[in-house]
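One chain, chain A, appears in both complexes that follow, with chain B as partner in the first and chain C in the second.
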Partner chain A sequence: MLDPAVMMEYMPAFWDGFIVTAEVSILSIIGSFIIGLLIALLRISENKVCRFAALFYVDIFRNIPFLVLIFFAYYGLPEVGIYIDAFWTGCFTLSIAVAAYVAETIRAGIQNIDKGIIEAAKSFGFKRVQIYTKIILPIAITSSIRPLGSVFINLILTTSILSAITLGELTSASKIIASTTFRPFEVYMFLVIFYGVLTFALSAVIAGWHKYLNRYNEA
Partner chain B sequence: MIEIHDLHKDFGDLKVLKGVDLKIKPGEVVSILGGSGSGKSTLIRCINGLEKITSGSIFVDDFDVRNKKDLMEIRKRCSTVFQQFDLYPHLSVLDNIALAPINVLKQNKKDAKIKAMELLRSVELEEKASVYPAQLSGGQKQRIGICRALAMEPNYLLLDEVTSSLDPEMTAEVLVILKKLAKEGITMISVTHEIGFAQEISDRIVFLDEGKILQNLSKDEFFSDEGGKSDPRIAKFLSKMGNQ
Partner chain C sequence: MYGDQGFTIFDLQLWAEGLGITFGVFLSSSILGLIFGSIIGLIRYYNIIGIGRVLMLGSEFLKNSPVLVQLFLVYFGIPALFTIDLSPVEAAIITLSGNTAAFIAVIVISSIDAIDKKQLEAARSFALSEWQILRLIIYPQSLAFAMPMFVSLAINQLQVTSLVSVIGVVDLTRVGDIINQRTFEPFIVWPIIGVTYFVLAKLVERIGARLEQRFSVHQASSEI
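Right, the complex of A and B next:
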């Protein structure tokens, strides 16, 4: 009954779904990284209000199920006159939600930096901004590449939830193929392998990148 | 000239510096001695503005450490070498040295790197230019720490127990460099536990005890039996540090 040949016919449909998944993933990784970095900086700001606002952000978005968030954005917001298509709704909500995790990861990276190094930089007369751009962020980001990698792999897996708002990404493409072929076993087996390969490949890339960026730590 | 007047520094309820008066003239080499917790590091950290002073004043070449703009100028004039080296781990040795000259003094990148290379040569580490700090021995790290400080062409070099985390052999290789600098006439304020070294390089010895200057004497006076050693606290300190 297992018939992989069925799959070949539907390769183009899979491929279209994959492209959408890839696009949403890439845009959301970039988006969540930028927002997350800003939130992380607010989290360690000297200003109490900024710190509180950032903590609030992190707590909120880590404690709302993503499915609820995406329903709210896609079906709820139009009620108040905000219309965004499924693709961009996916990108925005993913970026905003995952940014909470990115922020916590980068913050941990920043707080792990030896205080002496930052004081040394201060003593040499670097301005605050320079200390961040030349010292703190490069060290924090390279040291958190691995945990950031896990966050982004999770992001890619979470894109499958976007099938709930009828975005034609990989999972919803598979749903359609499964219902037209009546071969859910093969189709979803294929999907499982596909996500597996995708995240495995990304893990490998991250491991290599981690090694390259952290070459300075090798004694 | 560094002028410290009636300097007080508290950490909450803890009074660490309790009225320090000290003048350091250009070209002078001053060693600061004193027991653990007497406030030596705190004094150094007040000069380069890493600690905010509680009261009193510090002027470096007439710049006021309490004034934000002045402090930036002071930091260009005073370079610190740290006990734990505190090199930038993500930058090569050469970039560690050239980073502040390029970004703080706005030197041309190429010139800054050429000068960094010269400094590396002077401490016999030019072959380590492209290596990262993690790949260096402690003594090598501290020689880089000294290069990083010198690259700023500072008027004042602040040293806080720069050999305390080094074994004797590495200590020796760092002290050789500092002795040479002292001879060349750089102004140096050095906190140290190396009594022999202090005795060799210093013009003046300042002895700090519980946040106050107990003695501020020329080196010869300090180490004479009628001078510094006549004070029982100093005599006790020196004998504890292995100096008879």
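Right, the complex of A and C next:
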């Protein structure tokens, strides 16, 4: 029968898994944001080759399953002489794959900027780089906090797939707990609710932050 | 037995079988998800016997937790709790249908909400029955509104099907894993599997664009 208390005893192991999930998530969020920003800038560049390369990048990583990418990295990297563990393989692959979604979100943010603002900046004598760093990117990023947040929440959920390459994160830890207790239903139910509550809380925080940063905008 | 066996003609057969399984799981879970998701959305919209909220809360958890964990819950959890047998393919189709349904329900509700309320009032004052309103006014317009969201959901769910390989369904990803373990040629195997998924996604996108165009005719009336 259903025994909801089964998880209590195994909280330390669960917590260890959570820490690994948190570490991978934070590193990959930073990584994917940096790569995504670069791809977004290439995507709106005036150079045709850059634009095409960025579009190709986005198209590839949005249409190939993450599991295939992670297997490719996990089995492929040692073949070319790069020996890194599951943790770093996970961080790199997540950063590269999620960057495609980040790039599209930031690009949408950039293209929504009122052209008048950019023209005003030009007429005030701002340099091209300054227009990007002081006007375009701050506006584009603050106005897309909420969509970026959902991309990153998806990233956190995707870290569960790293259990397939033996990384000891939340899902792996729960798998071990499930096979020791013979209570898979309770353990995975707990995990589903845990991820659910975590993402609800994070999206509430992000929504609040988004509202705060955009408090002077009418929309 | 392991290593450097080289590729054989049977690998091609295995690839084709994996492709068939991936496509089958995708198609059946999409259709089941569409049916159940629409039912959940309509129950919520008409608020039948107050279970709408409970169903939507369930949908939120399905949308906000990893599909891999949901697969484990269904494949390992349900047989353990209810002492029944579930094959990997059955567990895969149940999980993915449920997950798709959760997303579909939300799309259905938001596309019904997008319809101009005045139209519904007008229809009621013309004494149309609720069924007629649903069939003639809500259905065509909300479908036109929902189509782009359905297409991007389908492309996403196609990639999600790769996760069923983890519970032992011999889909495209599992085939890749099997061949990779035997040949140790990750730089040949995984790009081929990746390209197969890419082409499948493009195919879904192409079909979706055509459907979008066909259903968008219903949107013209709302713009006048």
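Throughout what follows, the second predicted complex is superposed on the first by the 217 of 219 C-alpha atoms of A that agree within 3 Å, B and C clash if a C-alpha of one lies under 4 Å from a C-alpha of the other, contacts with A are read in each partner's own complex, and residues count from 1 in each chain.
What we mean here is this: contacts are C-beta pairs under 8 Å (C-beta built on N, C-alpha and C of every residue); 3 or more make two chains touch, one makes a residue touch a chain.
Since the structure is predicted, the reported quantities are computational estimates derived from the model, not experimental observations.
Shared-chain residue A:E79: touches chain C; no touch with chain B.
Between chain B and chain C, it is C that contacts the larger number of residues in chain A. In the superposed model, A:Y188 makes contact with chain C only, not with chain B.
Of the two partner chains placed by the overlay, only chain B lies in contact with A:K122; chain C stays clear of it. Once the two complexes are laid over each other on the shared chain, residue contacts for A:A178 go to chain C alone; chain B is not touched. When both complexes are overlaid on chain A, the residue A:L69 reaches chain C alone and has no touch with chain B.
Applying the stated contact rule after C-alpha superposition, one finds that A:T158 touches chain C and leaves chain B untouched. Residue contacts after overlaying the shared chain place A:I139 against chain B, while chain C stays out of touching range. Using the contact criterion defined above for the overlaid structures, shared-chain residue A:F18 touches neither chain B nor chain C, since it reaches no partner. Chain C makes touch with chain A in their complex at residues 60-61, 64-66, 68-70, 72-73, 76-78, 80-81, 155, 159-163, 165-166, 173, 176-177, 180, 186-187, 190-191, 193-194, 197-198, 201-202. Those residues of chain A whose C-beta lies close enough to touch chain C in the complex are 2, 60, 63-69, 71-72, 75-76, 79, 153, 157-158, 160-161, 163-164, 171, 174-175, 178, 182-189, 191-193, 195-196, 199-200. In the complex of the two chains, the chain A residues touching chain B come out as 114, 116-117, 119-127, 130, 134-135, 138-139, 142, 215-219.
Contact residues of chain B toward chain A in the complex are 48-50, 72, 75-76, 78-80, 82, 84, 86-91, 99-100, 103-104, 132-135, 148, 152.
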